[in-house]
Amino acid sequence: MTDIFFYIFSILALACAFGVVFSRNTVNGAMCLIGTFMSMAALFVLLEAYFLAVVQVLVYAGAVMVLFLFIIMLLDVKESAARKTSIYTWAASLIGFGIMVIGVVAINSAESIKTKTANLPVAEGVNLKNFGYELFTTYLLPMQVTGFLLLISMVGVIALSKKTNTQ
Amino acid sequence: MNDFASLVQLSIAVPIIAAFLTLYVEKWGRPAVQIVSVTGFALPAIFALFLWGFYDPAIAGDYAFVSKMDTGLSIIGVSLHLGLNGIGLPLFVMASVVGLAAGLFAAQSKAENLPRYLFCLLIMQGGLMGVFASIDLFFFYFFHELALIPTFIMVGIWGGRDRNYAAMKMTIYLTLGAMLSLVGLIAIYVKSGADSFDLITLKAHLAEAPLAESVQNYAFGLLLFGFGILVSLWPLHTWAPLGYGAAPSSAAMLHAGVLKKFGLYGLIQVAVPLLPDGLKQWESWIVWLALGNILIIGLITMAQRDLKQMIGYSSVMHMGYAFLGIAAMSVLGVGGVVFMMVAHGLTVALLFMLSTMIHHRTQTFEMDEMGGLSKKAPVLSAFFVCAMMASIALPGPGLANFWAELSIFIAIYQFKSWLIYAAVAGIVISAIYGLRAIANVFFGEESEEFVESQKEFAVSDMTWAERVPALILIIVMFFIGFFPKTVTESLNDSLAKEAVYAQTEQ
Amino acid sequence: MSTEYFQKIAETNVWGAIAPELALGILALALLAMEVILPKVAHGLIPRLAILGQLIILGVMLTAGSSGLGYTGEAFGGMLSFSETGQLFRAFFLGTSIFVSYLGMVSLEKKTLPQVEYFHILLVITGALMLLAQANHFVMLFVALETATVGFYILVSYFRDKAVSLEAGLKYLIMGALSSSILLFGIVLLYGAGSNMALAGGSVDPLNFGNLQKFLAANPSDMLGLLGMLLVISGIAFKIGVFPFQIWIPDVYQGAPIPTTALLAIASKGAGFAMLLNLTTVFSPLSEWLYPLLSVLAALTILFGNFAALTQRNVKRLIGLSGVSHAGFLLIGVIAAEKVDWATNAILFYLFAYLLASAAVFSVLAHLGKEDDSELTLDDLGDLAKRNGFLGLALAVGIGSLAGIPPLAGFIGKLLIFVAAFKAELYGLLGVAVIGVVVSIYYYFGIIKAAFFEVWRYQDEDEETPEEPVPGESLQLLGKLAILVAVVGTIVLGFYQSPLGSWLAG
Amino acid sequence: MESQLYAYGLLAIPLLSAIAIAFFFRRSGAFASGVSVGAAALILAVAGHIIFKVENFEYNVNWIEIGTLNVSFGFLINDLAKLMLFVVAFVGFLVHVFSLGYMKDDPNKARFFGGLSIFMFSMLGLVMASSLITLFIFWELVGFSSYMLIGFYLDKPSAAAASKKAFIVNRVGDFGFLIGIIMVFSMFGTLNLSALSDTFGADASLLEAAGVTTIGLLLFCGTVGKSGQLPLHVWLPDAMEGPTPVSALIHAATMVAAGVFLLCRTGFLMTVDALTVIAWVGVATALFAGFTAVAQRDIKKILAYSTVSQLGYMVAAFGLGSLAAFKGHGDAHGHMGQSVVTGGVAAAMFHLTTHAFFKALLFLGSGSIIHACHHEQDIFKMGGLKSKMPITFITFTIGVAALTGFPLLAGFFSKDAILAVALESNKAAFYLLVFGAFLTALYMTRLWLITFLGAPKSDNADHARENGLTMTVPLILLAVLSIVGGYASLYPEVVSGVIGGIAHPDSAGHTTIWIASLVAVFAGYVISYFFYGAGAKEDRLEQTFKPLHTILAEKFYFDHVYDWYVAKVQQRVATTLHFTEQIALSGLIIRGTAGFAGLIGIGLKALHVGSIHAYVYWFIGGLALFWALAVGIF
Amino acid sequence: MIGLEHFIGVSSLLFAIGFFGVLLRKNTLVIYMCLELMLNAANLALIAFSRYHGGMGGNVFVFFTITVAAAEVAVGLAIIVALFRKRQTVEVEELNALNN
């Protein structure tokens, strides 16, 4: 059962990812990306990371991509038909992709991925309480820093966008 | 014996302090600037002469007037270790004297923005004094660079024709040389295992356990070519004539006269004693390249039309003798080289100074456009003839140069007898270009250009302000020529202490 | 996972140890608050308060203790590890921040843009970098790094009234995000490898540096670990500007506001090396791959940076490319640190020297920059020396130090790196470094030439050019003080390192 | 009083005089000339004291010590030095006095007398020097003062050129001299003359040691340069650009003879081979210069070539005489020991001395003529001076007679001494030298006839008047010496050690010499008289034997060859090297390297295209590179 | 049986596709989306490792990366918008005022 879901969602994720890359319409691309994220959330569920799956849907598919769509609409970017991707770009990009795929193969053929413990360990990600404990003990400092990160991105966005009085 | 160590420190510090004071007193007007800067040049000269008088090889041991100070680089075994031995002392004195002359000449020059010019010159002087008083190799190198940098700036700002290109070329060349020699010094430091840049420590350490031959080879190669560039070893010399041709005279005086000797001093004091096997390996290189200096550059010098460039080339040529003398690796040869460094320093500084004075009167450096100056400026011509004769080692004004060349020649003969013919042929070549210059500039009829320029301003003879620095140089020149023992006694003593030089002495 | 376990971890949260970072955060928040509280007329005070606050923090930190404010070892559940090196990096970032604050003040005063936000973000970035330098865990490293990077995105595009600033921001954003992804993926791979309990050394928390090192030591040929290391190194290489991840540098440096350029040049590079120094320990089991890789990169970086800068006329691009070459030199230090203990100190010294020199240079550029400082070319530096001698001097000292000219701090930095490299027997790299230095002289000298040598050209031509308003004359006391600190620091560190002696003495 | 103090004094007097003139009297010629002449007088006095009252002595003080090189400054006063001292001091004083008149109206009188003082200083130092190196130093110094005085007329380009030439040609000679000194030092470890001569004296086989011949020849190079032997004689005639008293003092009587003096001082190390070369160079020079003199028009040039010729005699005398000495000892390395004096040395020095008298006389006489003729030097523009300048005429005639070897005058005896040693050692050389005597008589008579007899051939000559006492008194004194100087027995005992050594051939030889020389001389007189006639207006040789005359007048094309060498070879090589350096080294290699670096720079700069995509490719390339490095592809 | 390598394979492929998009596309917004995709791909791998190897570390890290990514997106979009206001374009090829 898990296998089937894995294949469904992973194929869906990859397909949508290609959709992002190839769609000529930016909105379609964004929609595809949402699709990828959702599929990945499903894969998270398969990996028993329920909390993160929820976060993935809420933050990524919900907040981030909506923001993207918002901006796409706001800017109303027209796909310039005249501007066709040149054959060189294609070639170069494909070569690049090829190199990356070699990397993918290398990763997956790595010995340590294939070496496994006899039994699948207990999924700790299920336990939200542990998650909380971890975040506020071991990872307390990064947590705090993340707070500052969000603060400066907020301040930054304001600084980049707010109207100044003299302007 | 270390009673006067502070004088050594002061000789370095005073010019640098004076340099900054010069900028500070700028607002009080030109005389204040002149007084401060001249004091900055004069005090080291007085100190140096004083130290010279009090130096006693019998008591000195290895070094006299020693002081040591930690500057915070003990991690790589560096400390400000100052002192003078018989090799460094004459050069130290020469540096101070040439500096004084250059300073006096500069202080009354018409250089734009005089305080800054003097600032650069004083910094240079400080560095020069430091070079010959450093026992620590790092500071030896450091002071050299300290003196070198203002040279570039002076060439670039106050230089003559082609100053931009000249300054650039000089900078890149000399940086390359400096870098190579720095790497060579580092090689010695690292490979010796003495964990110190201190020359005394290094010597003691290497006397016990000499470096492996391969290490000596490459370290000496680095130092040879590094220093070689700095000393304008053929064919790495092309910066020199160009640079000197463009440099303002005081800078050229200090550079050609004193700073250039850094490389030779380094070879004598550092490279050869520490890496004797290295020298043996590179011996034939040195010989052939030095012959290039003497013969090829000698002939090229004859083809020069620009007075200052000619002097520049001639100074390149003379370096060939120095290299040969070092290659001979005997007290006689090396002693001759040191003596020559002193004598040549005084001479070439004088020549550069006088050539600028000539330029002030003729508005050109082209020898073809000069002629007949001696009628208008007989004293100047007398000085120039005197300086040129010294430069071509004519006994008399150039007695010191003659001693130097004689001892180098003898050392060369004992080293490789056939070399002597090439080496001595050099003195004929130098006579040819030297006399040609004199004849072109001073004798014969006044050239059209000269007549033209006289319409614009009256050509006068040397003023007293010009005479004083020239006289200082000439008097010292005569002094060491007539009383060479004042230099050679301590020199012999110090050289004899170097096993490498003393061994080959039969 | 018992509560006691977490309790124990919570006890390692020693907030006192990160007091400087906390204080910076509080200061950052206080700035925002002050914008609200203070009346509009007093808003000009805020940058000054920021500087003052940071100075106080720096002062307290330096006096409080030399290492981790008295804390050593790991803390915060292994997130941080306090060491002397980390402490020095803290001081380094804080110092950078102070200078950048000053530059921001100068630059922003010419603008009608929000001001306080700049300083706020700057302070947060600094705090993040300070933590980054002491990170002992990849999560901490990533979060701190991203905090800083996001801050950089904003600061680069801060001058949103200029398209180039935004374009630079966008380029930096995309490149930065790409490199972050690569870095992240690398961390993930390391995690994947290290968390494998089936392998020897596997642990539940493999992102902790100590644990990871143990794992790698047990499985040095693990492909996943190797790939992870490579990806992590490339992510860091981007930050440092190491070949081939240096390509964005000129564009971004050119477009970014000058203070941000300075921050990128100094802090971002410093952060990269802080990480790299920590990670080379972590990756030491993989040194078989790591060091050859770094060596090749160092060589290519030096060559690329220097050669690409040769013909560059735009000052900011030039500084950027020169920064690339400096990264190469520092990389040599990192490589040498494998075998020479004190090379880490050499890197730090180099960084401090680089900080001071860059501070001087960027201060000058900030003062020179008019409306569009992205188009500041060498020609705009023309007659700087005449227009404002003080700025000219600062530029000369800064550039000289960057070029590694004695007696400036940059030279000592290079010397230490060279000695370390020689000790580590990195002869090839040393050769490349020498070439690099020589090539670099050309363009550094070009800057000096532009600022000084052509000064009198304008007089020669007798043009009645109306005196331009002299930008430097508006230098305030604070400005002078800041530049003076950089200049004097650069000079003094050049020959007297004793103030830093405690750690430089090893 | 210690002996060396006199020697020091002797050096100090002219030096102080020169310094005083340089520093205080540059603008007051009268004072300067007074100081200088006073100094010359004082020199004469002190020299006289040394010659007559001071025993021969040697004095050395350590001067410089570098490594093994140990040079001492000092004086070696022996008979040889005393004789030379006498010549220098005496002729020097007379020339000083003569100059008072000759240079009276010259604005640069001070410089002239300063130069003379420096010359006196250097020359005295040379004479007294006790070691080869001090000798060399003063040797160079006399060269320098000669250089300064030849170039005295600053604005004359020819004077500048002549002075330059003199110096450089001398330097070429010194090239050998210096190498010789260096070899001496390297072989024997000392440069001290008496120590060296002791060494040779103690071990005669040294003369057979390898390199000794080379040393001898190298030292002889110095003589070739300074004494104007073939092929380095070219500077001496040109040196006549200097004021005439200078020519008399330096380029006739003293300095040019220093080469001969050097040979005599170092005679102990001359091997047979070296001596043979020396002898033949001398003979060749004597003949060559004699021929050349026949076709010259300039009065001073004629005298100059005559000087060259006579110097050739002296050198030949030294060589032949020393060879004869070897012969006399029967073996090749019979040493001449400490006594130094052989027939050769004696003959050479004797001729040197007499030559100094009559050649100085002739030069001063010509100076007197030139002065009177308003600096006209072409003999074909003179004529008829006999009556206008009687004292000059008489003294000059005595000089000519003495030079040509008119019986019972100074030259007669000294030339006989030379011929005697020649006869003893080599017949061919003897007859060549006799022929040289004929040439001497020929050209001197020509000079005398054309200058003094007949009618004035130019206005300048027409207006000539006899000069004042300062000029005529020295002439008279020298004329007297030219007459009596040949009687060796008249010389004081102190120098008879040298002069006394002249060869006294057996009676058969004596007769041969007498007959040969008398025939040669009188043939010269007669042929000259009938060929040129009194007061000829034109050079008859030129009209009758044009090609021969051209060759002679062009001095056998030596100068042409040298000029060709300088302009076409040396200078071209220099220029070519210079351009090669500029183009190949500075241009191709250095600028090329810089240009190459610049090209790389431009290429790398162009990589920054500004497009995000391009930059992203760098990233992927970087990753690939990393990967490749990690898996060991590179 | 679906194992770790499958998840990692998907994850790394997603990463590669994201990179591919960055290389291929000219629209800044799309490029930026592709970058997000790359970050997310890392998340998947983290969770997979965490799941198959045990331990919380990976999961917690994902929490941080999501936060970071969100912040980055906010800032990035603000920059893109600001740039669009100035230049009226988001095409990469038109954003090359800074070169050489």
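Labels for the chains are A, B, C, D and E, by order of writing; each one numbers its residues from 1.
To be clear about the criterion, contacts are C-beta pairs under 8 Å (C-beta built on N, C-alpha and C of every residue); 3 or more make two chains touch, one makes a residue touch a chain.
As the structure is a prediction and not an experimental result, all values here were calculated from the model.
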Any chains in contact with both subunit B and subunit E?
-> C, D
What are the chains that subunit A and subunit E both touch?
-> C, D
Two candidates, C-D and C-E; the one with more touching C-beta pairs is C-E
Taking the mean of all protein CA atoms as the centre, name the chain whose own CA mean is closest to it.
-> B
Distance from the CA centroid of subunit D to that of subunit E, rounded to the nearest Å?
-> 96
Could you please state the distance in Å, as a whole number, between where the Cα atoms of subunit A are centred and where those of subunit B are centred?
-> 69
Where the centres are mean C-alpha positions, what is the separation of subunit B from subunit D, in Å?
-> 36
State, to the nearest whole Å, the distance from the C-alpha centre of subunit A to the C-alpha centre of subunit D.
-> 101
Multi-chain contact sites of subunit C, meaning residues that touch two or more partners = 1, 139, 143, 146, 150, 153-154, 157, 160, 170-171, 174, 178, 189, 192, 196-197, 227, 250-251, 442
Multi-chain contact residues (two or more partners), subunit B = none
Where in subunit A do residues touch two or more other chains at once?
-> 89, 92, 96, 100, 103, 106-107, 113, 116-117, 121, 124, 130, 134, 138-139, 142, 146, 149, 153, 156-157, 160
Can you identify all of the chain pairs that touch?
-> A-C, A-D, A-E, B-C, B-D, C-D, C-E, D-E
Note which residues of subunit E are touching subunit C in the complex, please.
-> 8, 12, 15, 18-19, 22, 28, 31-32, 35, 38-39, 41-42, 45-46, 48-50, 53-58, 60-61, 64-65, 68, 71-72, 75-76, 79-80, 82-83, 86-87, 95-99
Can you list the subunit E residues touching subunit D in their complex?
-> 19, 22-23, 26, 28, 31, 92-93, 95-100
Along subunit A, where are the residues that touch subunit D in the complex?
-> 89, 92, 96, 99-100, 102-103, 106
Can you name the residues of subunit C that touch subunit A in the complex?
-> 1, 3, 6-7, 9-10, 13, 18, 25, 28, 32, 76-80, 112-114, 117-118, 120-121, 124-125, 127-128, 131, 139-140, 143-144, 146-147, 150-151, 153-154, 157-158, 160-161, 189, 192-193, 196-199, 219, 222-225, 227
Tell me, which parts of subunit E touch subunit A in their complex?
-> 1-10, 12-21, 23-27, 29-30, 32-34, 36-37, 40, 43-44, 47-48, 50-56, 58-60, 62-64, 66-75, 77-82, 84, 90-91, 93
